[in-house]
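Shared between the two complexes below is subunit A, which pairs with subunit B and subunit C, respectively.
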Partner chain A sequence: MTKQSNGTMLRSERARILGYEPLDEGDWVTGLHPMDDLLRGERLPHIWCQGCGLGTALTTFIGALQWLEKNQDWDLDKVSAVSGIGCTGRIAGYVRLDSFHTTHGRAIPFATGLKLANPELKVVVLSGDGDIAGIGGNHFIHAARRNLDITVVCVNNFNYGMTGGQVGPTTPHEARAVTAQYGNFEYPFNLPYLAAASGASFVARWTVLHARQLEWTLRRALAHPGFSFVEVIAPCSTAYARWNREGRGLDEQNLGRRGLETMKYYQQVGRTVTDAHPKDVDIKFNAKGEITEIIEGEFLDEAKPDLKAAMDQRDEHAEKIWLAEKDAVDNRTEIPARKDHIQRAEVKLGGFGGQGIISAGRIIGVAAAIYDKLEACFTQSYGPEARGGAAGSQVVISSDPIHHPHPVEPTSMIILSQGAYTKYVPSLAPGGVLVIDDSLVELPDDHRTDIDTYGIPATKIAEEAGTSKAANTVMLGFWTAIVGVVSREAMRQAVAESVPAKTIELNLKVFDIGFEHGEKIKT
Partner chain B sequence: MSYWRQPLDRKRIQVAHGIVHIIDDRCKGCGFCIEFCPQNYLIISERSNSKGYHPPEIIDDQQCVNCGLCALLCPDFAIYIEDGGTRSPDKVSPIQKGDANQ
Partner chain C sequence: MKNGKGQLTGEHFLLGDHACAEGAILAGCRFFAGYPITPATEIAERMSVRLPQSDGVYVQMEDELASMNAILGGSWAGVKSMTATSGPGFSLMMENLGLGIMLETPCVLVNVQRGGPSTGLPTLVGQQDMMQARWGSHGDYEIIALSPTSPQDLFDLTIRAFNLSEKYRTPVLVMTDAEVGHMTEKVVIPPVEEIEIIDRPQVHKGDVEPDHFRVYRDSVNGGNGYISPMVSAGEGYRIHVTGLTHDERGYPAMNAQANEWNVRRIIDKIQAHKDDIIEVEEQNLKDAEVVVVSYGISARTSLWPIQMARDEGIRVGYLRLITVWPFPEERIRSLAKKVKGIVVPEINMGQMIREVERCVAGQTQVLGVHRPGGDVLEPDQVLNAIRKAAGRSKRAKKKGKE
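Entry: the complex of A and B
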């Protein structure tokens, strides 16, 4: 042990790392203790009260790190500590690791980002019960659900200590706190159970009194791949112990050391159970809110794929699909571009959800933009219902660049339902072309006379060919023949590209039926 | 006590030994080390440190068995143990009734 003599070395090394020599060292002389290597001497002594359990929690954490460094060749430059706000949140500022002191409750989101950006890092979240289970409760359960490979050490002192001892999510029922002077009427969380139910793969709990066991557990938790959660029960000597029996022991010398009295209390009520089910480990308390039993131990340790492993697996799968799609796009059939000039043509498609109105619009857009090499713009509008509600889509096609993507006055319309007829037909430009499905739309007596109307029993034709789902393709063939903005070959390619592989043949067949029908009517 | 028979292989029994170092000025007098020392050989000292707390004091520096619990429990990094090798106990005393619970 030559820590005393290399104290100056540490100081110069720190100066090299920080880039400056801290002027005010306070009354803390660093380099006297074996753990001073991992403490930021310029920030110490710490703020924790006499008898607070947080110092012990930090000691066990550093002890576990030193053991891992010595026995498992851990590189402590690859360990990062993240803390939220609160007394426990100070830990990030005291350990000489790369550390984050984050906003209240958001320690786990910061840790998630850190871990995902640099998977080599061992990320440890050290924060209080109010920070992790109270304000950051949602982040906690979701990190556990994803089985993100971080270690969460939650130091539970049963209240919000830093702000003066307000009641928190872990305060026992009927226990007193500054904001619960007549006893807390809420019930506390069972944190190990919450973690286990959310999907954590390592769950443990110790009081700081069992420092040795806690250190062993921290070693295992840090080395565990996946979300590991350690609840550390620590006395809050100033706030919680003031109001509750834990701090009022039989102190013969009346030294007012409530932290010590609480530790002695933990000695009485702590019970080590090695393989308890997390649901049975809630902290037992009596009608006066006095803790009667704290079950301690490691409750869960299972091997589960962590978030990184699951993401990598998904990446492999996604890459295969992506490559196949890229292949299909690269090997698209080229057809000669349209030479003639197309004026701005606006197509409006209307019907109800499930008829393929949106995909029909998309097919027109693909045919025009990719195969005919025109300019095209496709927009869609539909209600909250995926099927059964009104659906519409719009395509604007032109040889010139399109400056306004939405139709101003549609020049042609494809209508597949009575509702869409009522809604859209009044906006059709005079002299425009209306294409309807005869079998679904009935023309009223006051039908517009300034437009050209063409009908085809598309649904019937599609049903005869095999499936009513292909009605939109029939309409597309019919519309292509009558309006002629997009070439037949381009439409056929776009249809083949857009429909499921099994139905390509059928769709092309009904497209041709629709097209020939249109040609016949036109002449 | 001296009438107790001593085992013949007493010399071969080796007990771990630790040298306790107390950094007085870091102590906040919480009393964890004194209360939970398994050998019960730390007491509150009469002197006070620069903050006005009474740091712990060693009664008998031969009794430490290098368990390290005081160093691990101390919240203020004010106490640690140096490995002092092993030593043969001077005598083996019988376990008194009730000792195990203390």
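Entry: the complex of A and C
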């Protein structure tokens, strides 16, 4: 950009060079003020009222950034400012940084995404008390809990300013607001205490009239690794100060004067106590809701790992888990695809939780879909069906595409508990095949005669082989032999890739016992 | 972008939700923010394992409001981002889906639909959020939503969702459901180099004089459907973006004229590229007397009754909406002139059927097959509607068969 010899330029000239029409009437000179580089001059004048504390808050913030740029080599291109909605929320629109004006209360989660996705960025949230502690309160405590490496600057003016002065989560008890004209019946947050209790590692508070101290604190807060929180007490000259007759005196009709008087008042009731315990720093007020003491200072500065550092420690772990899974899939042995045409077969498995009903169903699916190259759709039962520890799963197998994912009328069933017997067997298709673990299921007198029933003492066989946990595999072997929808070799491969490595041998052994038992019964 | 330490390829027997996560990672997603909710939780679970292995970041947020916002932040940091949820969480995400649209932020939101309203049926299927997908956030906008029928399709469409979101700089919804999400089937994952991956048009440091850069630049030819290149945080452009109505520079502009420019911009960029965005699957439409128009799991389950009806001699065609939003208006309009009836099966009390009726505009009969959430449609329900649309009673079916 070309600048006049003294470094200044008319706004209209700047706009012409940038190729856009200025939005508002009027001209101003840019390049004169030492903070011009960090302000979006074309957006000024700002919307804040005379006597508002936000101008000072913005100035101290920019001052802190300039100091960090000069003294700690900060690249301000890497700084993102994020705001929510409200008067303070407008700060994002005035700073010449990457700046994001998000939705009400959501600046912190937006900042979380920015920071985690690109840890190189320095991310600062600037928003008001309503935004941070009211609608965004949940985000605030959770970001603090995670010790996410961002800085949150909360400008507290004790009410919702932009909407006209409504009561908020920081309004003192008995103070007045447009929606608390009889006095606020609620009690305010102690924000530094809330932040500290939630896990923030840097916590401070100043009023805007402590501009120097505030700027110094902001430098430290911005440079602090971890979640830093700075509460800035500022007057709302238009709403809160007026409703509560703060800053009255010389000229009550003059907003700027009232704001200034209020700033002085906040400063006068201020008491600097560095290293005060955050629990002791709640803003004191009298029975009329008038503020009587504001404790300021840096209350907490703690070194502890921030969220990203904690996340990065897990990388090594991640690799281990992944390789195990990849190995299982990579080491598959192809088996010859089946040539026979399989009609839609519907298998239902039932038992109680812990018997491996879900894994057994999935194994059938793997065998059919991956090894036998059939279509297979596996689902498990949820909802009311799964109540009382019951477990159910089902597999539909076919040579043709499976349009309907659930069994309509199961053609075979694998049942490992009396409860599952009672629940599922009535739905088995006439002529269907029922295989049961007869060490667990007893057939009642009125057992269906229109189905073929085969029993095997699966749990007993598994126990003899070493563990009752493998009863489901015995059942799979037995079912494979009797029903014949899926090939024995496909099932063996599927079992081997699905069970824990240490138990492959045992599972294949009991699978074969079950299979041979089935072959024998069938003939 | 690194492809991860362990690239999955080949044949897998995958849960739908897991297939979705794998698709996302292949598409280049490296940031996931979510909140546990049935039946979408398995997407988050898979991402929590897989992203750290792929140089990505998984974070569980405090709620769905935060999740949606976090992925917008992730996307503005230059990283492809996704979240996944269901019913109640989808409602919470609506606020910031709007922010995503307004800021023109590429990202993917997966809704594994369950039965509603309210807490409804957490574990069971529904297709009841289809209109919420279109109109759920306040204000005027266009949205892109895709609807898969199987784990393989969910895998493929998740990649497509990322591609569309990057290409058009807008949030894209994957409107799947509990049935597809919780179903396990074979999924074939091709090697990454065989998959088309689209990245957002982007401006990097030094490409443009920062003072001349405008976040929402219009095209020279009037701006209709032009997608401005995106700049990430930290590139030195010192951008400003806001959920307020804004101008080209991203600055708030509080007047009707600016709102018109702004709203037209986010609508036009989708409308102007409908042909690229809209995808349908068609079967036997040429000679069809009845057409079944459906999407997602209901489209899949309809194929069985369609086969039964064809066996009865009814000439049934099949039109499946792969892209649900924007709605394929022209396709439905042209069909309406040719067929005796259109049957719309869906697991809700009548949502997409309204769109079909709007396009048909009385030119043919439209029969809905509806049930609220809880289960897929029964084949007979759909079959009977097809018969009715074809003007055959149950008895007439034998005649039709000859």
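One rule holds for everything that comes next: the second predicted complex is superposed on the first by the 469 of 523 C-alpha atoms of A that agree within 3 Å, B and C clash if a C-alpha of one lies under 4 Å from a C-alpha of the other, contacts with A are read in each partner's own complex, and residues count from 1 in each chain.
The criterion applied here is as follows: contacts are C-beta pairs under 8 Å (C-beta built on N, C-alpha and C of every residue); 3 or more make two chains touch, one makes a residue touch a chain.
All of these numbers come straight from a predicted model, not from anything done at the bench.
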{"item": "Subunit B versus subunit C as contact partner of A:209, first or second or both or neither", "value": "first"}
{"item": "Touched partner set for A:53, first subunit B, second subunit C, both or neither", "value": "first"}
{"item": "First (subunit B), second (subunit C), both or neither touched by A:101", "value": "second"}
{"item": "In the superposition, subunit B vs subunit C on subunit A residues touched", "value": "C"}
{"item": "Which of subunit B and subunit C A:259 touches, first, second, both or neither", "value": "first"}
{"item": "Which superposed partner A:406 touches (first subunit B, second subunit C, both, neither)", "value": "second"}
{"item": "Contacts of A:321 with subunit B and subunit C, given as first, second, both or neither", "value": "second"}
{"item": "Contacts of A:35 with subunit B and subunit C, given as first, second, both or neither", "value": "first"}
{"item": "Intersection of the subunit A residues that touch subunit B with those that touch subunit C", "value": "1"}
{"item": "Contact footprint of subunit A on subunit B as seen in their complex", "value": "23, 25-26, 28-32, 35-36, 50-51, 53, 69, 71-78, 80, 82"}
{"item": "Footprint of subunit C on subunit A - complex, ascending", "value": "1, 17-20, 23, 40, 42-43, 77-78, 80, 82, 92-93, 96-103, 105-106, 108-118, 120-121, 138-139, 142, 311, 314-315, 317-319, 321-323, 326, 329-330, 362, 365-366, 369-370, 375-380, 382-383, 401, 403-406, 408"}
{"item": "Touching residues on subunit A, where the partner in the complex is subunit B", "value": "1, 27-29, 32-36, 39, 44-46, 48-56, 58-60, 63, 208-209, 211-212, 215, 237, 255, 257, 259-260, 263-264"}
{"item": "Partner subunit A, residues of subunit C touching it in the complex", "value": "5-6, 8, 10-13, 30-31, 33, 38-39, 49-50, 52-53, 57, 59, 61-63, 65-67, 69-79, 81, 95-96, 98-99, 103, 121, 123-124, 179, 182-186, 205, 211-212, 214, 232-244, 247-249, 251-253, 297, 300-304, 307, 376, 379"}
